[in-house]
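Here chain A shows up in two complexes: once beside chain B, once beside chain C.
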Partner chain A sequence: MYGFGLAKGLMVTLKNFIRPPFTIQYPEERIPQHPRFRGEEFAWYEERCTGCASCAKYCPLGIIKIVTSEGGRSPQEGGHYDIDVFDIDIGRCMFCGLCVEACPYDALFMGSGFERGRYERQDLVITVDELREAVKKPSTWFRPQLEDSGYDPHKDSALDWRAVGREKWEWHQREKAGARIKFRPARVGDKTQEGDGEARS
Partner chain B sequence: MTPFLQENVVFREVYCFLGGNEGNASWCGGDGLLPGGFEWAAYFAAGFVIMFILVNAALLGAAVFVWSERRLLARFQARRGPNRWGPWGIFQPIADLLKLIIKEDIVPNAADRLAFTLVPIIMLMALLLSLAVMPFARNTYLVNLNVGILYIIAVSSMSTIAIFMAGWSSANKYAMFGAMRGVAMLISYEIPLVLSLVGVVLIVGSMSLVSVVEAQTVPFLLVQPLGALVFMLGISAELNRTPFDILEAESEIIAGYHTEYSGIKFALIQAAEMAGVLAASGFLATIFMGGWSGPFWSGQLGAFWFLVKLAGFVMLFIWIRATFPRLRIDQIMAFAWKFLLPLALINFLVTAVQVYFFGFYQGDVPGELTRNELWIMAAINIPVALIAIGIFGRFSREKVRVPEPVFQNIAPSPRTMEVD
Partner chain C sequence: MAIRTEPVTINIGPQHPSTHGVLRLRVTFDGEVIVDVEPVFGYLHRGSEKLAEERNYVQVLTLTDRLDYVASMTNNQAYCIAVEKMLGVEAPLRGQYLRVLAAELQRAASHLVATGFLLQDLGALATPLMYCFRFREKILDLFEMLCGARITVSYMRPGGVFSDAPPDFWPALDDLMQEAPHLIQELEQLLMKNEIVLVRTKNVGVLSAESAIASSVSGPVLRASGVAWDWRKMDPYDIYDRLEFDVPVGERGDNYDRFRVRIEEVKQSLRIVEQCRDEIHPGPVRADVDAEAIDLVLERRGEAEKPLAEGPVRAELPFVLRPPAGAEAYGRVEAPKGELAFYLVSDGSIAPYRCKIRSPSLINLTVLRELLVGWKLADMIVTLGSIDINMGEVDR
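Take a look at the complex of A and B:
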């Protein structure tokens, strides 16, 4: 029958008509983000950072600028460099995350935000003070230990520097205190991070 | 004093309040405010009041229609539509209009200034003129013309001239394309459009829209299914609505005939188009759905019933626009000439035979078809419509023949070319 296809087309639009709209009203509601979302406002933990500047060297765009000065104590005594400048020019950042991959001390994490619109380019540079004061909700990208703990930066609260590392913080303390570490590669069925008995040996 | 105007409630009230029984107007209750010899002022004031109401109603209606169309189109596409300005975005058309008013009003250098400027006025005028015969409720019409249907068709084809003026005077090739397409299409659709209404005129025995409404003991949508279909499709072509919007096809010729228009002129053209849909829905409701008459209280709630039916047809127009893609010009022409025209002719013929059979014309005096006779006609016409659509649908359907590929050696290919 002629016109049957037309009627079918009308039915398709009618079906859409009674469906709830897909639109997300942006300023009021947001699309749920994945916890591994690589966003802005890097989460940087000064307590963990040694000032090694690996992140600056690995950045393909060279947009991280780090200036350090010697702290009071020598590294052997447990001291580290003071970070004077830690600028990330986020206007040119492409969120590749190589800086996070490069950081050996779990001090730098990708952020979880995406709303850093500014009127001037200069304002897009994240300074060290900003990094210090930021509410740190690290993305779990490239940090499996965070992901395993079930942390979701979009729902959970900000994390302290003690909570984000690959190992428990006490582990490091004991290592510095001279504990001998027997390295044992992880096996399937290992309980992750359960006690630090095997680490102390 | 024309005899038509005194039937209008608003006109009579204003006129009698001001002018009263002066002059040759003997139908007012008593004396009016103005002294004798000033009937012309009362006449002018009454006319102005009516014009004011009608123009504002048409433009406000266009604004509401713009809003509802955007909202509904969005819903048809599972979006939300404008919802920032006011509750449910109801003030969006006002924001649009404000924006358009403060835009620069550009007239191209090469344009024919006079024709260019006249176009929005003519388009809006054609629309407002067609509202003059529309019965909004019982006794609420401007004029009860005895040639109402003819008048609508004549006035609504004026927009064809306006479109061509727009295209020609813009001195822009895209505007010209749009105008040429428009003229070709609109003139073709005019013919089935007129023929589709002949059946109604035959049944009613009058062209006055008021008597059309009064004769509808059965909605003419059932008695004249073919006529209603052809009229609906034809009028949506006249309105340049989406399946037929080749004259402003955005993806092909920028904006068609109104490419060069901006600012308030563009706003007027849009207002005329949008209010045109309202007017077309109103005429569909009047001619095929019984206008102001409803299941109960058609005297008191006449305007309400009319608005309900109008809203239903507007919804249908929006639904069609949300669904169908734009047709090609040859498809549109084939649709008009191979599908709509035969359908309109069949409708005409069948209705004529029926009307003759039911002894409508006894001697020279037209009679009234009773309700039962109308139901019998409906029972005959609906199967006739289905069969006719089935038959003529085949003719207008395009048969796609893939041409046989022809291989030709136009030049020797480089591989076989001999090198001296």
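Take a look at the complex of A and C:
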């Protein structure tokens, strides 16, 4: 019978008519962001950065430019390279976050920003001065130490360089004491994985 | 007096909203009836296979996100399985559960996009599409919790996933699972028995099982033709052999069947997600390998390497992977659009020597002529929508 489907369809329309809207009026309203959000307000801690350029090497697009010069003190005295240039070209960044994954010293973090519209291409480059002065609210992406402490970049205040590292981790302490991991080309089984009871963690 | 008629060739695309991306169709019409169709593609060619040869194994993962950008999770999964096969590494159980969970959510999201756009192609402007996107949006919210991104996820890594799900992911997933049956039921109620949808899609664009197999079509297009072929059942990867689910098949292989098979698959996907949620156990999420802790001080002095007192340790997979020279692997998954596979060859360096992508959209597109000849222009758009192609994947 024709017409019956139409009536049913209109019923659905009627139901949705009284439902609160699902859409968000963006500039005024915002969807809550998760702490892991990978965005552009990079948090860079100069105190932690050694200028090793792991992030630059690991970036699939090669958009991080680092220029270092020798600092006054020798490494034995605790000196490290001075960082003259640390530019991130956001115009070509795809926010994969591999630079953060590569950083061995917890010096680089993703941020939560996503509204960097500019008229000029060169304005899209985050310079080292901008990184130094930025309010550092790091995303917890790939930084389990921040997640363990329950940090949320949208609610909590900016973090100091002392608060973001994994110094408390046992392995990190061992590494600081002079240990290095060497991989053996061995076949891998997975024996240590069956959980005992209690679903999810 | 006889009127002289002749066939007309018309270009549709590459910049046309109804061709689902930059697909160009060279169609020959006799009046309004299609005589010949020739799909022309390559307008979105980015050379992903070649780019992969210049990046290391984890960096290639970011390229896989951009193949089928409606279903990034399954792309990641296929690639990771290929790399794992080359390395001889197996992801830990919790990692595999998380991968399957994410992939099934992604399948639901991808099928919803396909359904929504199919209905839009039928002329139901915006409203059914919005219903589908409303549901998909909830799934993408979950992805943002998991990995910080909604579309280009880069969630999985060779050897598992990059990180465990955050604690507030599980309650959010519970909410979605409670809501989902209702949303799907609403969609079904609105569309599956709608006369316009039935008339426009039933017996249109019929693909027989024989020709579907002969042209190596895969995914929902193949299953709609009545062939129960699903790599999750035929060659279970990750933990699919532990899970219980059905493979929905169609009867005739027409547009309606393809549409219905997708809706049924969304239901099965949610069933799998439910099982994963209930069965997942605590544990590591990324494979670890045998390693030795070396005393760095001794090494710097140039003395013999001596393991530290702790003895052998287990460490996570290193960043830069070097599969043995000559290793090759074919990682295959059942992506939302069909059989997606990565064929990788290693020469012992940090980057793959060759990366071949078997993309389901490209191969499913080859049956287009058979589906369309004899039908009218309006059916062409609907049939193209029912194959569910993604140009990012067709052109790579």
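Keep this in mind: the second predicted complex is superposed on the first by the 163 of 201 C-alpha atoms of A that agree within 3 Å, B and C clash if a C-alpha of one lies under 4 Å from a C-alpha of the other, contacts with A are read in each partner's own complex, and residues count from 1 in each chain.
Note that contacts are C-beta pairs under 8 Å (C-beta built on N, C-alpha and C of every residue); 3 or more make two chains touch, one makes a residue touch a chain.
Quick caveat, the model's predicted, so the values are computed rather than measured.
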Partner chain(s) touched by A:Arg38 [first = chain B, second = chain C, both, neither]: second
Chain A: partner with more touched residues, chain B or chain C: C
Chain B versus chain C as contact partner of A:Met110, first or second or both or neither: second
Touched partner set for A:Phe22, first chain B, second chain C, both or neither: both
Touched partner set for A:Val12, first chain B, second chain C, both or neither: both
Those residues of chain A which chain B touches in one complex and chain C touches in the other: 2, 9, 12, 22
Contacting residues of chain C [partner chain A, same complex]: 55, 58-59, 62-63, 65, 88-94, 134, 137, 141, 144-149, 152, 154, 162-164, 166, 170, 186, 189-190, 193-196, 277-284, 287-297, 299, 305, 308, 310, 312-315, 318-319, 324
Touching residues (chain side chain A, partner chain C) in the complex: 2, 5, 8-9, 12, 22, 31, 33-38, 58, 60, 94-98, 101-102, 110, 139, 141-142, 144, 147, 174, 178-190, 192-196, 198-201
Complex interface listing, chain A residues touching chain B: 1-3, 6, 9-10, 12-14, 16-17, 19-23, 25
Chain B residues touching chain A - in the complex, by the definition given at the top: 72, 74-80, 319-320, 322-324, 386, 389-390, 392-394, 397
